[in-house]
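Okay, so chain A shows up in both of these, paired with chain B first and chain C after.
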Partner chain A sequence: MVKVFIYPATSLILSDMVARFGHTPLSSATAIRERIQTAGLESPPLQITPEEPKKGLKWAAVEVPAGVRGRMSLYGPMIEACEAAIIINDADLAFGCMGCARTNELIKFLVHQKTIPRLELNYPKNEDEGVKFVAAIKRFLTELGVAK
Partner chain B sequence: MTAYTPTHVGSVTKYVMVESFDITPADLALRGYEISKGVMIKETCFGLVISGKEGEVDRIVAELRKIDPDHIFVKDRGFPPGDARRCRANLGGARPGYNGLEFEMSIIPYVSHGLEALKNIDEKTVPPMEDPLEHPLLDIYKLKKMIDAQES
Partner chain C sequence: MTQPVRIAQLSCGPEYSGIQHEIDEAAREVGGEIFYPDVALKDIRRDFAKFGLDVKSPDLKLAIARAMALVEGRVEADAVFIATCFRCAEAAIVRNELRRYINEHSRLPVVSYSFTERTTSGTLLTRMEALTTIARRRALLARETQKGLTLGLDSGSATTKAIVMRDNKIIGTGWQPTTEVIKSANEVIAHALAEAGVTRNEIQAVGTTGYGRFLVGKEIKADLIQEELTVNSKGAVYLADRQHGPATVIDIGGMDNKAISVMDGIPGVFTMGGICAGASGRFLEMTAKRLGVEITELGPLSMKGFGGRVPMNSYCIVFGTQSLVNALAAGSTREDVAAAACHSVAEQVYEQQLQEVDIKEPVIMVGGTSLIEGLVFAMGELLQTKIVVPPYSQYIGAVGSALLASGFIKDD
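Take a look at the complex of A and B:
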């Protein structure tokens, strides 16, 4: 079983595919769950305390906005722990009320820096692409299992 | 700042989403209640939210998947069901994160089709998708999106 980082980290499709084909998805839900279930100072809604931007300094410089550093305190450890990654490049949902474009760029950069098996995809736009999409993920994850 | 005492420590919460012509969330919920032991199951418009001990949640999810494996999708959730910080009953409007799910639910029929198709064909014979890092001059879908945006 390989730890696979997924981008977007909130993706239902990628999280399901990775678990379905026998590996462990590293998604933002598990990182948030850790914080929600840890006692400390109350900081709703996500229990992101002023400590998080400090932890984020490991991946982003001090002049980078606190929002990026706070997010990196969630994603940074997952990127360090991952043994493979699947990235969807046209994920507009990762930017807007739920995400930060600069953090997304940094996440992709850090994943690209790591020498790990990586699959880059776009969301399917029709049924034919749906078959290719699932086949690509299945092939990638099956090969990971064999490599291990 | 006040001290924070967490609830549901050690529990795991998962979404079970259903996008099927044959199965409804109510069918899944009934099956879930039949086989559950000491977990919390909440029925929603899109499927279920299951919360409890990790092993028990995984067992129920594995059983529920068998009902319609190509049309049932599962994902982790950070918050327990009904948490006041996330539940729209307290906040009003769409739950944060719903927009992402809504977007992916529009794509899931293609993924379900892919899963069904791969039962009959070997994935190694399927040609790869276009490399997303190679940018074509102008994608036809992007052009349509731009035209639609211009008209509205």
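Take a look at the complex of A and C:
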């Protein structure tokens, strides 16, 4: 079993796929609903206090916006703990999204710094691409299990 | 029970900064209720493209879609609060453009704010109160003349001011530095009443504003306790006789600065605050002290100097004072240093706050600092306009309070 960090970390589909292949998804999987009635698209699943942005200083300096540091207090430890990662670029909002582009840039950079198995895909734009997309994730997760 | 004022929040980052509950609390304290305009994912995709600002953060796209839903009437609100992370350039652009868009296309009062994890409900209180006041008291804010015998008190951070008005005329004034809040208030009230030749019992209605408004308001049983953003706007257009049409009100205070874009005497967009004390009236007080003159002499002194001869960057009051000391030690004249201090304060307010409101003429400067000619001159130079300083401008909050309080006089 491998600890797999997923991006977007909120993606329920990705999180579910990782778990189905016997691995541990490192994520904050939450349903992105069709109607948005919360402050943000991915309002935090747990209580964030002003202490969290301070904890985030481990990954981003004080001149970095508080919202980035608050998110990093959640995702920083996951990136440190992960043994593999799946990154989906330009995902549709409904697939899973994270509200802050600056955090997204930092998260992807930190994942790239790690020498771990990594799958990076663009979000599919049609059915053909969709089939290849799922197959690539399936292959990656299967091989992770074998390698382990 | 009064219905809460519904304040639509357009934001990026307050939850992950840990301050969402502070925003909720500030709204609740002034009878407001924060809500998030309900939009669908397809609205975000469509409206974001239609608005035309190609930002990357999904939460900023959401804020754009919500602003469009408000302007197009798909979601109803009484006021709008726009909040994004301090130091985020992308968010700052969106914040400014949304504020401008909502102001131009709707009658909704808007306040924008950039927060850190240290933002508290106390910091937001006056801004939220102004939003709820504008939404709830439009009829009161539309008042153009003072009637009867009323008293207005402005319990400010640096000075306390009182005004007595009778039938649209100022008949008594009182002013002194704020020490003990209630004691200072009682003393200026006594002075104003004595000057007016009336007794406290004859006063038909009382209004308070400023930092000490709640404490003093309770003590003197005020009929109206109202924040200084709406009160000062009203006082400014009243005294400057610009009650109709657009105007911009600038109040450089002892502790913070206010820039308010006004239409028919009612604030539309406003900012409050300042990055550092170097942009406040307090810095000019320190300058006067270091130059060995009274604050009242700083203006005439600065008009005799040329600020361009003195390098001064007073973002911080400590470093600003250091520049001042260095300049004097290097042989600069007191006149040039006074002019440079005035220019520095005006420039910071221009750079940091006036960019957040739409400057529309006439520009009216009020508050104690509006009596410092060098500061008014420097602001006029920066804005390339003639600044209006109305009579009694230093009493602006007290005048606004006395004017609005007359709406509480009970008809016989």
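Heads up, the rule we're going with is that the second predicted complex is superposed on the first by the 124 of 148 C-alpha atoms of A that agree within 3 Å, B and C clash if a C-alpha of one lies under 4 Å from a C-alpha of the other, contacts with A are read in each partner's own complex, and residues count from 1 in each chain.
Simple rule for what comes next: a contact is a pair of C-beta atoms (placed from the backbone, for glycine too) under 8 Å apart; a residue touches a chain by one contact, two chains touch by 3 or more.
Since we're looking at a predicted model, the values are computed, not measured.
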Q: Between chain B and chain C, point out the one touching more chain A residues.
A: B
Q: Applying the touch criterion given at the start, work out whether A:V68 contacts chain B, chain C, both or neither, answering first, second, both or neither.
A: second
Q.
Contacts for A:T38 in the overlay, against chain B (first) and chain C (second): which applies, first, second, both or neither?
A. both
Q. So, does A:E51 touch the first partner chain B, the second partner chain C, both, or neither?
A. second
Q: Check whether A:E143 is in contact with chain B, with chain C, with both or with neither, and answer first, second, both or neither.
A: neither
Q: Determine, under the contact definition given at the top, whether A:A135 touches first (chain B), second (chain C), both, or neither.
A: first
Q) In the superposed arrangement, does A:S11 touch chain B (first), chain C (second), both or neither? A) first
Q: Considering only the touch criterion stated at the top, classify A:C100 as touching first (chain B), second (chain C), both, or neither.
A: second
Q: Could you tell me if A:E127 is touching chain B, chain C, both of them or neither one (first, second, both, neither)?
A: first
Q: Considering only touches as defined above, state whether A:A29 meets chain B (first), chain C (second), both or neither.
A: first
(Q) Taking the stated contact definition, name every residue in chain A that is touched by chain B in one complex and by chain C in the other, in rising order. (A) 32, 35-41, 43-44, 93-94, 97-98
(Q) Touching residues of chain B toward chain A in the complex: what are they? (A) 1-6, 8-13, 15, 17, 73-79, 83, 85-86, 96-97, 99-101, 103-105, 107-115, 117-118, 123-124, 126-133, 141
Q: Note which residues of chain A are touching chain C in the complex, please.
A: 32, 34-41, 43-44, 48-54, 63-71, 74, 93-94, 97-102, 104
Q: Write out the stretch or stretches of chain A touching chain B in their complex.
A: 8, 10-13, 15-17, 19, 25, 27-33, 35-47, 89-90, 92-94, 96-98, 120-127, 129-136, 138-139, 142
Q | chain A partner contacts - residues on chain C that touch it in the complex | A | 9, 11-20, 36, 38-41, 44-45, 55-60, 62, 85-88, 90-91, 115-118
